[in-house]
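In the two assemblies presented below, subunit A is common to both, partnered first by subunit B and then by subunit C.
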Partner chain A sequence: MPNISVKINGIITSVREGVTILDACGTAGVDIPTLCYHPDLSLAGNCRMCLVEVEGWRTLAIACVTPVTPNMAVLTHSKKVRHARRTVLKLLLASHNANCSECERNKNCELQELAEKHNITNNEYQTSPKPESIEEVSPGIMRDNSRCILCTRCVRTCEELQSVAVIKPVGRSSSVTISTFMDRSLNDVPCTQCGQCVIRCPTGALFETSEIRPVWEAIENPDKFVVFQTAPAVRVGLAEALGLPIDRSTGQMVAAIRGLGVDRVLDTDFTADLTIIEEGHELISRLKGALVDNDESVALPMMTSCSPGWIKFIEHKYPELLPNVSTCKSPQQMFGALAKTYLAGKEVIDPASIVSVSVMPCTAKKFEKERPEMRDSGYKDVDYVLTTRELARMIDEAGIDFEKIEEEKFDRWMGDSTGAGVIFGATGGVMEAALRTAYEIVSGHEIPFDGLNVEPVRGMEGIKEAAITMPEKMATGFEFLAGVTLKVAVAHGLANAKILMDKVRAGEADYHFIEIMACPGGCLGGGGQPIPTSPEIRQKRTESIYAEDAALHFRKSHANPEIQLLYAEFLKEPLGQKSHELLHTHYIKRD
Partner chain B sequence: MSEKKILIAAEQPIAGSALKKSLGMTSADVVFEVRESEIRGRGGAGFPTGIKWNLAGAASGSNKMVICNADEGEPGTFKDRYLIENYSLKLLEGMTIAGYAIGSSHGIIYLRAEYPYLIPVIEKAREDLIRENLLGENILGKDFNFDIEIRPGAGAYVCGEETSLIESLEGKRGVPRNKPPYPVNSGYLFRPTVVNNVETFAAVPHIILNGAEWFQDLGIGDCTGTKLFSISGDIENPGVYEMPMGSSIGELLEAAGAQDVQAVQVGGASGATITADELDRSLSFSDLPPGGSVIVFNSSRDMIDVLENFIEFFVHESCGQCTTCREGNVRLQDAVRLIRNGEISSMEELEPFFQLAEVMKIGSKCGLGQTSPNCFIDIVTKFIDLPAGKGGV
Partner chain C sequence: MNRNPREIVSDAVARFGSGREAVIQILTEINRELSYIPEEAIVAVAGAIGVSNAEIYSVISFYSFFSTEPRGRNIIRLCTTISCQMNGSGEILKTIEAELGIKAGDTTPDGRITLETTSCIGLCDQAPAMMVNDTPHTRLTPDETRRIIAGLE
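Entry: the complex of A and B
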């Protein structure tokens, strides 16, 4: 497309033909307020916040949808525009539950921010807020339609990014609500609890089911031994959640959590490494079953099982492919099972007194920990799950100055992590970590990628593919893989997962191993991460994740000293009896 | 004025004669004739039909569509019902000519939910035309196929708006789309689509048979053709009337036998409310948009009741998608309540509501929200007696 000239507030600007007025204004350095617009989603044009005046037009134009044409003259703060924007805001506020101090999104609310920016101090229109209607049934996500402004970002997220589509506008006129089939609870529809809707909601209509209170109570109870685990992506999101620039903050995070008064601060990266060992051996064993034993019951491609949103998705939508899913529990649940067995032994603590808390970039993890099968330690393996945002709120409440706090290290036994564990937080990371370990196990050599960086599985492409040919000379016992080309695929965002699953189901995919993360960008873009999200924000978090990987001494899961100790003292061998008891699980078909 | 009647004339053209003539012309010539006639959409918005057909014909894309908007939902309109009941052959013929003109073989009639009894009427006309080889495969032996199906609506007023109608046809919620793209480029199932009103299609055979110039001469001034009006309310002879486009309201009322006129609602609830002093205003796109509905209120009517009724209608019928329409109509309803209860006692206090009405007109997504405040502005300024207020207005 050629460049054209448009006039924005009288100033001639050169932009590409066909871009929207919103983009053109961005180029010209003019800020246009938006609410229903989101860079990840299709254009709705329903909030009417971005109205601008176009010379010669009878009506105002919505900047987010309207393409520029040559010599178009746009006014962005004429009297008409200003009146329109203020009126739109007043209309939204008139029917909005503006009990801001009680809202999770207070001071991080796009409606509040725009009201402040447009100096809305009084409202001539009668206010008749919708009645509060909090749904508390679902373990991961809560809804309060009294705060909803009907921008439909959640609806578009659920449908376009996730191919789940369980929420839709229902009813008409002022009685429209965003609802589910027959107005059921999110628990009773195929919602994956991924929380992608939550991080795109401009207000507080969607938020996580908070577990801050029971966690404080556990910390304050002297009879409880509170163990925290922190997921890889939390360390690249926490600073942001506390209002600081996007950066990794592992040491500060550990110090701040310790500052809350918890007994042990440990790392989910440790069990990410453990997942790699178990899952890597599972893959090799499946390949052997298929290639050597010609066992037709072996399901390939094997698929990762770390992402609980993905697991719930496949249980609902592709139950016939459940045998393909790795039996490995997610790192969170492996950690939980070990905390109340292995760690209890090491620390000489009654497992009944352990309160196991995980900090996750995820709302689906709150659902996962409630699964009835997640009690292999004899107790509930994980008691509470906090999102990155909830941890930030606790740090704020405790008055901890995150910027000034001295960095500290994780506690021992389950606190060592490797770069391979860290990159679990980014799409392609589990695949890369698995390849780093599996290749070395079967060939005896490091994976032949510069700096161990398996670039083909990195990046924001929705579906990534790679093929790695094994050397001719293999380690003893793995000769059957000599010269075999291992085909892998990686998808993030459930809409991309669906594309891949349709191919697998149709028999059109010849992959051996597939990594799926429910959330765009992987866990760093998870539903429990700081709000807002955008491709740029996820890109920055990704860079932080890979920087953390590169900075760590150990980059391969099997090199983790504490993992080696765990096997030596407790598990004995990968896929062994103890592993099967504690670290592996099964799945169920859901309607 | 009976000589000016074409749609409700005693003599009807022989079914198929206009189609026969069209098929003897190039499709471009058919579009040209319609364009030259300067006929504008009879649904109310008044977009030039020939230009619409030309755009759809020129649009790239296969499986082009011809859709008849028979979702006659504007309060007080019943002219399309009358046309379908009595002249459905003309409608189907007009659609078929449109199909030939733009290169489409598929027509759909989106029929108002409340008109199910018209389905057998249309079906019979369709069967008759198929029997005569005027519809279906190889029409009149030519390499031209065209068939028409009927799809009943589900009762939403907003589905009279063409993009909502298309969404509804696709099985989705009936809510307006953003434009561009326009239906002529990307309409039903992303196909180039022409959507026209029943009356527009019904006029086409006459234009083809008698020529563009003849049609132009039927109107007054720059308004071409005749127009059907459904008149109801406080008059002697309610019904459907055909008048030259550009006729005055007074002429129409005289024909329908209006005695005592306090107000006339022209163009339905979303149209204009005029006083007895404005009866010389013309029914034309340059003055009072002649959608088809004319409702007369005599001096016994309390206009605040009328206003309340209209606003209630819009509050009920807004699709709820865009902020200005969904929330705006509710706030206008508040204003009416406040006036009625005496809580607003001056025009000055109404200022925020007039401002709201203006924003709705220029800021709403579709015609519904853009026109729903008309009745508020007109009735409050012309019929409600409120002092200006301290500072004046």
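Entry: the complex of A and C
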């Protein structure tokens, strides 16, 4: 497409032909208010916030969906435009339940921000009372349609990014609501609880099911021993959730959590490393079954099991592929099972008094902890799950100055982590961590990538593939893999997972190992992360994750000293009896 | 004896295809034969077209003539869009509700009549108007409306 010249507020700007007025204004550095527009989604053009005036046009143009034409003259803040935008905002606000001080999105709400920016104080369209809250609860996600402005970002997210499509506009005209099949609860439709809708909602119509109050109660109860675990992606999202620039903040995070009055601050990265040991051995054992024993019951490709949104997705949509999913519990649930067994022993604490809290970039983790099979410690393995946003709210409530706090270290026994554990937070990270360890186990040598960085599985491409050929000389016992080319694939976002699963189901894929993360970008783009999200934001968080990996002393899961101690003293061996009792699980077919 | 909803769907798919553009025709067939679109049929249509159940439900919810609830032997569809409203459809609605002892959206306990309101049925020039089954009735008055209702089996 050639460049053309357009005039924006009198200033001539050169833009690519075919881009929208909104894009052209972006190029010119002119800010246009939007609501239904989102950089990750298709264009809807339904909210009318971005109206602009085009010289010679009878009506105002919708900037987000109108392509520029040569010599178009656009006015973005003329009298006509300002009046129209105020009318649009007043109409949206008239039917919006503006209970701002009680709203989860207070001060992080696009509608509130626009109302403030456009000086909406009195609203002549407020002719009927504001709608009352109508809350609907599921383990991870709550909805309040009285705050919904029908922008359909959630609808487009669910369909376009996740290929789940459980929420749709229902009804017509003034009676439209965002609803589900037969207006059921999210609990009774194939919602994956991923929360991608939550982080794209411009208002507070969608939010996480908060567990802040019970966590405070546990902390305030002197008879409880409160143990926190923190997921890899939380440390690259927390500063942002507290209004600071995007950066990794591991040490401050640990100090702030300790400042809440928590008894032990430990790391999910530790059990991410543990997942790699168990899952790596599971992969090798499956490969041996298929290649040496010609066992036809062995399901390949093996698929990762860390992402609970992905697990619920495959349980609903591809139940016939469940044997391919690794039996390893997610790092959160491995941690939970060990906290009330191994850690209780090490700390000499009655497991019944332990309250196990995890901080996750995820809403589906709240669902995962409620799965009835997640009680292998004899107790509920994980009691509460907080999102990154909820932790930020607790830090605020406790009056902790996150910017000034001194960095601290995790507590011992389950607090050591390696770079391999950290990169679980980015798409491709589990694959890279698994390859770093599995390659070394079977060959006796480090994986032949510069600085252990397995670049082919990194990055934001929706589906990534890599092939690694094993050397001719293998470690004892793994000779069967000599010269074998290991084929792997990585997908993030469930729409990409669907493409891969359709290939696997059709028998058109010859991969050995597949990593799937439900959320675009991996956990760092999770439904429990700071709002908003965009490709640029996810890119910055990704850079923080890999910077953290590069800065750590240990980069390979099997080098983690506390993992070595855990096996020596408690688990004895990977895939051993204790591991099977505590660290592995099974899946169920769901309608 | 009504046919099984799945059978109606597979026949309709054979006739109209399984593309997204066939959805309205398939739904119309089910709605005509059963007088409503049961849940089982929605699931079958979604499966045949390759979209989510929610998407088919969304389409059904948009059109006044489609229903997901079983309906009576006769269906009255009173237009409540602007032209009919300005010409007295409100009074007609009250008349019918009083006559049948039910509210719009309900069916008489004997299953004789379902009363619904509908968006525009294209009879604005002869408002107020309603459809009774497939027959249009126009320039309605309360008396005329009562007479029409009395004549229904």
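Definition applied: the second predicted complex is superposed on the first by the 580 of 591 C-alpha atoms of A that agree within 3 Å, B and C clash if a C-alpha of one lies under 4 Å from a C-alpha of the other, contacts with A are read in each partner's own complex, and residues count from 1 in each chain.
Here is the rule we go by: a contact is a pair of C-beta atoms (placed from the backbone, for glycine too) under 8 Å apart; a residue touches a chain by one contact, two chains touch by 3 or more.
Bear in mind the structure is a predicted one, so any value in this text is a computation, not a measurement.
In the superposed model, A:A218 makes contact with neither subunit B nor subunit C.
Contacts of A:I400 after superposition: neither subunit B nor subunit C is touched. In the overlay built on the shared chain, the residue A:I311 is in contact with neither subunit B nor subunit C.
Judged by the touch definition given at the top, the superposed model places A:R172 against both subunit B and subunit C. In the superposition on chain A, A:A491 makes contact with neither subunit B nor subunit C.
Applying the stated contact rule after C-alpha superposition, one finds that A:A94 touches subunit B and leaves subunit C untouched. Between subunit B and subunit C, more residues of subunit A are touched by B.
When both complexes are overlaid on chain A, the residue A:R48 reaches subunit B alone and has no touch with subunit C. By the touch criterion defined above, A:I8 reaches neither subunit B nor subunit C.
Once the two complexes are overlaid on chain A, the subunit A residues touched by subunit B in the first and by subunit C in the second are 168-169, 171-173. Chain contact summary for the complex, subunit A toward subunit C: residues 159, 164-173, 179-182, 189-190. Contacts from subunit A toward subunit B in the complex involve residues 43-49, 51, 58-60, 62, 65-67, 80, 83-84, 87-88, 91-92, 94-95, 124-126, 128, 149-150, 168-169, 171-176. On subunit C, the positions that touch subunit A within their shared complex are 39, 42, 51-55, 57-58, 61-62, 68, 119.
Only residues 156, 173, 175, 178, 180, 315-324, 326-331, 334, 352, 355-356, 358-359, 361-365, 370 of subunit B touch subunit A when the two sit together in their complex.
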